[in-house]
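So that you can tell them apart, the chains are marked A, B, C and D in the order they are listed, and the count of residues begins at 1 in each.
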Amino acid sequence: MNAEIKNDPENALSNLDLETPERPHLDSNELIINMGPQHPATHGVLRIILRLDGERVLGTECVIGYLHRGVEKIAENRTYAMFNPYVDRMDYVAAVSNGLGYCQAVEKLLNVEAPPRANYIRVILTELNRLASHQLWLGTHALDIGAMTPLFYTFRDREEILKIFEKYCGARLTTHAFRIGGCLYETYAGFEKEVKNYLKYLAPHIDEYEELLTGNRIWLERTKKVGVISGADCIALGVTGPVLRASGVKWDVRKAQPYANYSEFDFEIPTGENGDTFDRYLVRMAEMRQSLRIIEQAVSGIPEGPIMAKVPKVIKPPVGEIYHSIESPKGELGYFIVSDGSTQPYRVRVRPPSFVNLQALDRMVRGMFVADVVAIIGTIDIVLGEVDR
Amino acid sequence: MTEEPKSPVPPPPDGESKPAPETSKPLVATPAAPSKPAAPAVPAGPVPVPWSSPLAEKYKGRYGPGLEALSYLGQNYLTVNRSLIPGILQLLRDEDHFDYCVDITAVHYPKREKQFDVLWILYSFPRNERVRVKTQIADGESLPSAVPVWATANWLEREVYDMFGIKFDGHPDLKRILLPDGWKGHPLRKDYGILQQDQEWVHINLGIESGQ
Amino acid sequence: MLDSLMSYLGSTLTPGQANNQLWALIYVFIIFAGVSVAVMAMNWIERKALAHFQVRLGPMRVGPHGLLQPIADAVKLLIKEDIIPAEADKFVFWIAPLIGLLASFTVYTVVPFGPSQAVSDMNIGILFMLGVSSLAVLGVVMAGWASNSHYPLIGALRSSAQMVSYEVAMGLAVVSAILMTSLHGTGLYGVSKLTDGTGTLSMIGIVQAQQEQHVWFLFKFFPLGLIAFGIFAIAMIAETNRAPFDLPEAESELTAGYHTEYSGLRWSLFMLAEYAAMIAVSSIAVTLWLGGWMRPFENWLSGSTWDFVFALFPGLTFLALAAIAFVGVVRMPRHSYFRVQTIGLAGFGAVLALIGILLLSIVIGAKFSHHDILNRTAEGLSSVYWFVFKVGAFMYLYIWYRATWPRYRFDQLMRVGWKVMLPISLGVLIVTAIVGVLLG
Amino acid sequence: MTPVATPFFFYLLSGLAIAGGLLVITRRNAIHSALALIVTLLAVAGLYLMLYAPFVAGVQIIVYAGGIMVLFLFVIMLVSLEQTVKERQFNRMWPVGLLAACSLLALFISVFAKGKGLFVERGAQLPESANTQQIGVMLYGEAGRMGQYTFAFEIASLLLLVAILGSVIMAKKRI
């Protein structure tokens, strides 16, 4: 009664999922279990159908779309400026990155360049947002693995970043910080000082996170050799971001094809070796430290000058199409925009890193245990708002 | 992977002075050129120019008239006939190391005879170069699936199918991905209104008259 | 009536041994109420301590510093709708929490809070405790099965597998402690002789053995006792399904494990059973290795003066708690909103202070009056206090673990249980036996 | 040490054991049968206690009620129950079962008819605390002397060890 037999056509998995790496030795009943969409560990409304042999995962199928809001369709019915706030609602834990990517893509289409001071502000805020995103990831990921305490530590520190955002643009989460052509708001008085203070404050706290987790035996056992994916598999599956880097591929859009003014800053791309959950954790921790470095340099070198390029009130890019991508905290976030010369984009395609990375879940969880599934979902660092758009 | 490899694509010989001349890094927003920040966004903007590089020449030589290599704002793309599709993608990956399929998407032009543009946005790690492959198909026509070439094409093609109704032959599991399985209509088509929805589905599954 | 009540007070036997059914009943009620209150207090302390580990405040609204939060929770749980899933096996669903609760409360019959402060002293006390607490698994398994849902089922399977496997290592660790009761020795590796027929399974007998040997079994045959204790301390966390072995209730994987489908009163019965079981296994650990009701430093700080000083501890503890409450009163914001809370906290402090003064006066009175019943009461208070103090330390450890550690995965848990704990506990048992015989 | 309300508890526990036993064979739901079996086992443990055999009672609870029955439940839960509920409970073995039941009944009746004289009068009743030690002495012996059942006990444990090894070999693909 409690186990559905696998040949049930109603619940059969896709044929992709039925080719399993190993047949169970004893022909025990395979259990099909449904995880989500209301499940605490799926980070939103992700539904995963797991096919289990005991506690071992034979295959998965992700059912997504519960948060689909038709962002791309909305874009076609809004002007370029009006669509700008919508992008914040995709990856809502890294709204600033989304805005940066969109604004730069439209600027490229308009053939406009944001002034240097605007670029500095953008880099500072984007990197702060990367820190906030990684902190949220760390807290929830640790919570999935059963460590409660890091969550509260990271949220305490993330709060300070959100306060900076709030002071800068009035919003904490969906910031709408940037405008096409630069920034709307000048930095508030004491912005540099506050950011610098925050950097000083956070650096020891990152050590504190690591102290709680990095050497912890249980943490090591739960993350090492779990969800291993090779660099070649990552590339084939289009996986980008920290997941790709943890598999040993040293690739970061900020270095490979620098946007904004990332080429002016000195930072490193942290990479892992084994491509397991632990390496992804280490890569993200190292990335947080690199972000601190970037912000440090940006805050020290922020020039005076205008913050807005000359952009017409009514934005009418010439006919054409453009693809622009940035390194969001999750991976390569791309915008493909087609203009027909009118005030509204003809088509906006978002290349969401979470969506593409989530596809690698199946590859990562095969042969793992149910308990690892939550660890692996956490380690991919998805945001369902971005997966479903 | 190298961080910033030297692109094998040499600068184009013709000195056509377009706003974004081709550089070794076509996607960089040219930080060293702040001289014209105020280029007014006149509708008569830049036009695509032919893209000449060894890569483009190679494919032109191989496929001839079925292929056009263009460059717009420094971004290169190949417009190809539908018939070339599985072959050229395979070649791009195998011979020219475009090992990373960034995205697959489509654009709907309802007034054209061949209504859909389907695009493959590709990236090569060794060359640090992006290229877009673009083809046109009519409504109801299908395309060969790129899943054997790049595994990532699986979900991307499903999304294109979901949103545009373009079928991909040989796809292992072509079904809707973001919308519910029983939904009727493909919302990113231009003839699908922004307020439109599958009333019947909403009625049956949600028990309400309309989601609005 | 009163005579028969009072007559027992001079006895040095447990009511069960003295065959005093009335006092046995009174003890049962005291223990039942005490454990229930302890669970509620533990609930508050856990939430507060966990909150302070995690840079937050915890409950602050209901009562001063959330002191009334457990009561509010209890009321909420009692009046909540009691949901039974449509396809559930109603009878089993209904009886499962009761079995768990019964098992974890029955265990307290033999817990020796003091030399005579137990409902009864059974000849097979420790065996009884292990046996009855192992029945709690049945409640978990039945709950998981009766819910007719996947997550509870997997949770139940996990927890039964976990409890059954850790029981083995736990039992072997217990056996090595029991072995020590028959191996006389006066210190770490002091004079030791094997004596026939002095070993015992009785809980009170085990503590008395430690008293006679002048050593807590934790320190006996150092480090053997320590290792056995360590094994037990780990296994008992696994037995009670607490972090880092809280897999049956791992919310990130199985929502809430075997009690996913339970709500309201039934759910609270599970919680009550879980916390009662935690206290029960901690009592076993305290009895077996930490000298039960014995006060600390009986060897170093011996003599009647020191006895008196340590006997003052219970009263002083309550006075200290009262002092903390009064500090809280002083620090409470002077605002009309907080008036009720301030008065409440002051009253709470006053009650604590009264209890403290009462305890102190009993102890001081016993010291100077040499009245038999007063003496015995003072002794009993001291014993119960030290027992509860040690158990409380374990409870704090439970909270500390939960705040610090991630969760084990199931296979890792099993590996630790079978491949690490079992061999070590077996080895400790054998080495203890060899050492005992060699020194005997 | 005076026994507590012996006749009452004896009849209560025996009644529970018999009722549990009947439920075990009449319930269609295997889980319910298992639960009834647990009741029977606990009642039997109580009867042991009344016979001043606390050690046996404790072991009965730990091993049967706590250990074996959990494994039973474990197995029953893992197999699909819906079919077993529908299946006919009594198969063709019922004549054999009937024969066994009848002979058991005959045995009981004969014992009842012969009465007390059938049993050997045992020695003085042991105190409760010595009981556990007596078991130990019988199984392991005293200093310098082998116990009455040491050999049988060791053989039994060896047998169990072999059984464990066998089951491991059968269950494990590669060792």
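Keep in mind that, in the parts below, contacts are C-beta pairs under 8 Å (C-beta built on N, C-alpha and C of every residue); 3 or more make two chains touch, one makes a residue touch a chain.
Computed from a predicted model, the values in this text were never measured in an experiment.
A.B. asks: Kindly list the shared contact partners of chain A and chain B, in label order.
C.D. replies: Looking at chain B and chain A together, no chain touches each of them.
A.B. asks: What are the two chains with the most C-beta pairs touching?
C.D. replies: A-B
A.B. asks: Going by average Cα coordinates, which chain is farthest removed from chain B?
C.D. replies: D
A.B. asks: If I average the Cα coordinates per chain and compare with the overall Cα mean, which chain comes out closest?
C.D. replies: Centre-most chain by C-alpha means: A.
A.B. asks: Indicate the whole-number Å distance between the mean C-alpha point of chain A and the mean C-alpha point of chain D.
C.D. replies: Comparing mean C-alpha positions, chain D is 60 Å from chain A.
A.B. asks: Please tell me the distance, in whole Å, between the geometric centres of chain B and chain C computed from their C-alpha atoms.
C.D. replies: Once rounded, the distance between the two centres reads 66 Å.
A.B. asks: Give, as an integer number of Å, the spacing between the C-alpha centres of chain D and chain C.
C.D. replies: Whole-Å distance between the two chain centres: 31.
A.B. asks: In angstrom, rounded to a whole number, how far apart do the mean CA points of chain A and chain C lie?
C.D. replies: One centre to the other, that is 46 Å.
A.B. asks: In chain C, which residues are in touch with two or more of the other chains?
C.D. replies: As it turns out, chain C has residues touching two or more other chains at 153.
A.B. asks: What positions in chain D touch 2 or more of the other chains?
C.D. replies: 77-78
A.B. asks: Mind pulling the residue numbers of chain B that touch at least two other chains?
C.D. replies: Not one residue in chain B touches at least two other chains.
A.B. asks: Within the complex, which stretch of chain C touches chain A?
C.D. replies: Spelled out, the residues of chain C in touch with chain A are 50, 53-56, 148, 150, 153-154, 243-244, 246-247, 250-253, 255, 402-412.
A.B. asks: Please output the residues of chain D touching chain C within their complex, sorted ascending.
C.D. replies: Listed in rising order, the residues of chain D that touch chain C are 2, 29, 31-32, 35, 38, 54-55, 57-59, 61-62, 65-67, 69-71, 73-74, 77-78, 128-129, 131-133, 142-143.
A.B. asks: Where on chain B is chain A touching in the complex?
C.D. replies: Residue list for chain B touching chain A: 1-4, 19-20, 25, 27-31, 33-34, 36-46, 48, 72-73, 75, 99-103, 105, 107-108, 119, 121, 125, 128, 130, 132, 150-152, 154-156, 159, 163, 172-173, 175-180, 187-188, 190, 192, 194.
A.B. asks: Quick check: in the complex, which residue numbers of chain A touch chain C?
C.D. replies: 1-2, 31, 33-34, 39-41, 55, 142-149, 151-153, 156, 212-213, 216, 218-219, 221-222, 369-374
A.B. asks: What does chain A use to touch chain B in their complex?
C.D. replies: Residue positions touching the partner: 14-16, 64-65, 68, 70, 72-74, 76-77, 104, 107-113, 115-116, 233, 235-239, 249-252, 255-261, 263-264, 269, 309-312, 315-325, 332, 334, 336, 338, 341, 346-347, 349, 351, 355-356, 359, 388-389.
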